[in-house]
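Both complexes below contain chain A, partnered by chain B and then by chain C.
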Partner chain A sequence: MRRKSELTNYLFILPILVLFAVFIVYPIVYNFIISFFEWSGFGPDITFVGLENYVTILNGKIIWKVMHNFIIFALITITLQALFGMIFASFFINNIRGSSVYRILFYLPAVVTPAIIGQVFSKFFEANRGYLNTFLRALHLDPLAQTWLADPSLALYCICFVNIWQWTGYSMLLYYASMLNIPSDLYESASLDGANKAQQFTRVTFPLLRGTHFTVFILGMLGSLKCYDIVFILTNGGPNYATETFSVYIQNLSFSMFRQGQSATVVVIMFIIAMVITAVQLQLYYRSNQHKELAR
Partner chain B sequence: MKNSKLYGGLGLFICLLSSAFFIFPLVIMVVRSFHSGGIANYSRVFDKYNLFVNFTTSVIVVGCTLAITAVVVSFAAFAFSKLRFRGSRALYYLLLSGMMVPVAATIFPLYQIVRGLGLINSPFSLIFPYATGSCCFNLLILKNYYDSIPNEMLEAANIDGANKLRTCWQVVMPVAKPGLAVVLMQTFLASWNELQMARIFIADTDVQPISVVPVRFAQTISSRDFTQEVMYAALVICLLPIVIFYIFAAKSLVNGLTTGAVKG
Partner chain C sequence: MRKSICMALVFCMLFALIPMAFAAEDEPVTISFQTWNPGDGDLIHQIIDAFEAENPSITIDYIYMPYSDHIADMQIKMASGEGPDVYGMQAGVTYSTFRPFEENLTPYITETYGDGWESSFLTFCTNLLNEDGSYYGLPLGLTYAGLIWADMSYFNKYGLSLPTNYDELAQVAQTFRDNGEYPLAIGAKDDWINIDMWMNIAGDINAEKLYAALDGEISFTDPELLQSFAIWQSLFTEGIVQDGALGVNMYCDTTDLFEKEASIPMITNGSWAAGLFVSTDESTKANFQGEGADHQAFLLDWNNDGVSAGLAASIDVVLCMNTNCKNKDAAWKFIDFMIHYGQDVLINEGLQYFPSRTDLVLDVVGLNENGLENLEFIIENAQNNTRGYREMGNADVKQAVADALKALATNEMTPEEAAESIDNAQ
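Up next, the complex of A and B:
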């Protein structure tokens, strides 16, 4: 009797398991296998090449450029999004006038279609008649006018800028949510002890947001790994791979150069990085939960 | 607690400045769309493109994705929250790990499946991959929501002789509506805006979804009848559904995400 009822319980998760197996597990396994072959993706002409794809990819310069971009992009966007998110959240938690309107406005960039906003930003950064350069020239700051997206040393920072524009609202919400959980008597006693707003923030709020710092960090790392839409619209990885990300690299190997084996190899490398990040996250999450238990 | 004048003033100043920062690209887009030609820019968009087909594709894709996600994730969240079975914890975390998987890691094999089924250029190529992503992404939110529903309610339903399916459908689901609403709003946004898969699976520009259409504008721009202003008008038209959605749903979405995040 009990057996049978437990079996019917599985029926409730059967649909999600089927979707997961077909559309996530199968493609990953498929890519893992393909990474040991040479194949254009069309026709039966497929050759086993062992580890040759890994050797080719790791000896090429692009993968290292991609990793370099990933680290720079992750560091810049995560730090600034967290910082701005925290600042906004602490204004809202203190209920400054218009908080609920600002919360909605600041989250707006996260819901607009990336391809649409990408077009606007490409006109914004455009070298000759772009809005940014026009604006700088109007302020007589001509030397600051750059070729932005066409300049290999600046393009990645432009992408970072757009990403921060897009996702600061999201980290603001995460911080705001966990600040709501901090009991207000902590602030009352801090202010009785003579702590001002800034001190309350550094001594009370910041340490208690540990869990959220981790969440924002992990989501930011994974976001940087996935980063595709804005890069595709603005630079498609160029100039000279200055903005190449894992997703753009894989997409171009698969659908422009038709080198499925190499593309799958990059997928595997990206996947290993994602797994390391996730493992670190679980470790930290576990530890931060222990920390919370102790605090209670 | 009252804020000091200085703090309130500083906060207001920073928030106003930041508001300008966050909406400036949208303002540029709308203002420029009326330059040299005014409303005529908008009618020129329709002379050049039949966006109706693109909207239809988006609506089919998003509608089906929402329906599948709603059913699948509701059942799964109910099971992981309220039912006992062996391996449930391990399976739960396995499914959650699905949201860590980038599109790039699955796109070529999925393309092979789609091509094998003859679904290239069909809206149905995108529905199941999108629904899978949404289910994994939203399982956490909905399960947390179900956890907050007291078990006594289920026991009462059990005594009344309702089986598990009816308990899930008629007792728990109605209570969990606000949680499901947040899940569906997120799913709507994610599937309406998705670019990476949509661009590959539906390569035919006449039927591609709205999330991909703007890519084409960049290529046609600066032809005589498609000036930059007309392009901005076209972008505004493409963004309209999202704007309308956000006007009505912003408050519940933002509040829902906030409470969801707390429980997560």
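Up next, the complex of A and C:
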């Protein structure tokens, strides 16, 4: 009877398991297998090359440039998005005048098509007649007018800027929703104990947003890993791989170089990085016994 | 009796099949045609309408895609066993990479055009497309790279003449800069224009060595090739091209400035820009066909040796048939039509290419005097001053060259390091 009941339970989840296997597990396994082959991605000639693709990719300069860009991009965007998101959420939670309108305005960039954002900011950063440099020159700040997206030392930070502009509203919304769930009597108690606003934020609000910090961090990390659209439109990974990301590198290997095997290798590397980050995240998150209980 | 009935039934079935056999020939078929070029404009629809009028049982499903999307889309479709029946392909790496999905057109060609058909196409085209005696595509038209286009109104405004060599180009560029204008404009975010310009420089210095190096016969560290890298680098380090060139692409960030806004004096581009003289776009028309419009295509003597650079030729679009096409005869009819009537229209009404057929008479409709002057300049150089092919056949070398050129432009590599990096890719 019990066995029949268990079987029935499995039958209920079978459809989703099949979908998961077909659309998630199979592509991952297939990609892993392809990483051991030399293949154009669409032709009939496919040759087993063992670990040669891994050796080629890891011995090349581009993958290390990509990893460097990923670390810089992730650290800057996650930190600043979280910081600004928290600050803006703090303002809105205190019901400043017009906060409902501002919340919408802050969130709007997150829903705009990346292609549109890319086109607008490419005009913004253009060196000769772009909006930014034109503005700076109008203020007689010519030395500050740079070649932005064409400068390898600045291009990545320009992309970080665009990303922060686009996604801070999303972080703000996550923090705002979490802050709504913090009981107000905690602030009353803190106030009675003599805590000022800053102390209430650091001793009450910030610690209780722990779950949201991890959420913002994990989403930010995975988003940085997958970052493609803005980079493709603004710089296509240039100049000279200064803004190359995993996704752009994979796309170039697959569709420009016709090296599906090497492209699959980069995907495997990306997958390993994502798994390590997620595992470390979860380990830190569940370090506290309280959260382990909640997870049960 | 039973046997008679069976025989009667067999005969009935046979008679029933006869109309079906005839019907199969006239049965409506749809041929899908995907390409980035010709683009989605009046001319291609005019050609398709004409084809469909001549072949009422064949409908053409035209799919336009920008080039980078076209290649990626084709890869995915071909891998899944689909893909368009007829498609455009660029000569070079992609033409050879997509070979498993390119139908061998040789039987169709010889049946339709007969023996000696090669003489009806330019030798350059047949040589480029010949794969051990087989042809997997036909050339829709030729283009030539390495030109610089000038808006003479700027030169007249500042009392300048068209530069003939590198030193004069540097002076002209500086004069434009001093007056708040763009110097030479290039969309250096795009690898193809960088390669075009560098090959023009290297071809001017020593075309033989350039192509020997590309074919792996000599090293890129040859002094004359190093000189070409140094000249290319100086375009950026000496301010001969505009600031931030690496951050903008050709189409349409840079070309719009020249073609539609008429706000820059010079731009690097190819022979396909001659189509601007017959463009139907209102802004372009005003700039190129309006009263007093004066634009000049020119070639430069990059190494100041008294001899100007030549052109690099390419087959801009090779028309191929999908091996998985289910209506190959209909697809061939369309390819044949495009190569003849289509090419006539695209060239003589749109000036989108130059002829790949030897029998095509160049008689461009609606060309003004300035356009005619530029057309004659291009034709003269195409016939007498073409240094070699434009499209590299080795994807690794092409990518290495593209990377090296960008590294040189950002001053992150010396010419020697650039040459070494390309040699390593061979």
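Convention: the second predicted complex is superposed on the first by the 268 of 296 C-alpha atoms of A that agree within 3 Å, B and C clash if a C-alpha of one lies under 4 Å from a C-alpha of the other, contacts with A are read in each partner's own complex, and residues count from 1 in each chain.
We take it that a contact is a pair of C-beta atoms (placed from the backbone, for glycine too) under 8 Å apart; a residue touches a chain by one contact, two chains touch by 3 or more.
Please read these numbers as outputs of a predicted model, since none were measured by experiment.
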Figure out whether A:178 sits in contact with chain B (first) or chain C (second), or with both, or with neither.
first
On the A-aligned overlay, A:97 touches which partner chain: chain B = first, chain C = second, or both, or neither?
first
Looking at chain A, does chain C or chain B touch more of its residues?
B
According to the stated criteria, A:41 is in contact with first (chain B), second (chain C), both, or neither; which is it?
both
Which holds for A:149: it touches chain B only (first), chain C only (second), both, or neither?
second
Tell me which partner A:238 touches in the superposition: chain B (first), chain C (second), both or neither.
second
Which of chain B and chain C A:57 touches, first, second, both or neither:
neither
Between chain B and chain C, whom does A:127 touch in the aligned arrangement: first, second, both, or neither?
second
For A:109, is the partner it touches chain B (first), chain C (second), both, or none of the two (neither)?
first
Which of chain B and chain C A:255 touches, first, second, both or neither
both
Overlap the chain B and chain C contact sets on chain A and report the shared residues.
41, 122, 251, 254-255
In their complex, what parts of chain C are in touch with chain A?
68, 71-72, 75-76, 78-79, 93, 97, 99-101, 182, 188-189, 242-248, 253, 395-396, 399, 403, 406-407, 409-410, 412
Which positions of chain A touch chain C when the two form their complex?
40-45, 122, 125-128, 147-152, 155, 235-236, 238-241, 251, 254-258
Which of the residues in chain B come into contact with chain A in the complex?
1, 3-4, 7-8, 11-12, 14-15, 18-19, 21-23, 25-26, 28-29, 71-73, 75-76, 78-80, 83-86, 91, 94-95, 97-98, 100-113, 128-129, 131-132, 135-136, 139, 164, 168, 189, 192-193, 195-196, 200, 210-215, 217-218, 228, 231-232, 235, 238-239, 242, 245-246, 250-251, 253-254, 257-259, 261-262
Help me check something: in the complex, which residues belonging to chain A touch chain B?
6, 8-10, 12-13, 15-17, 19-20, 22-24, 26-28, 30-31, 34, 41, 84, 87-88, 91, 94-98, 100, 102-109, 111-124, 131, 165, 168-169, 173-174, 176-178, 180-181, 184, 187-188, 191, 197, 222, 225-226, 228-229, 232-233, 246-247, 250-251, 254-255, 260, 263-264, 267, 270-271, 274, 277-278
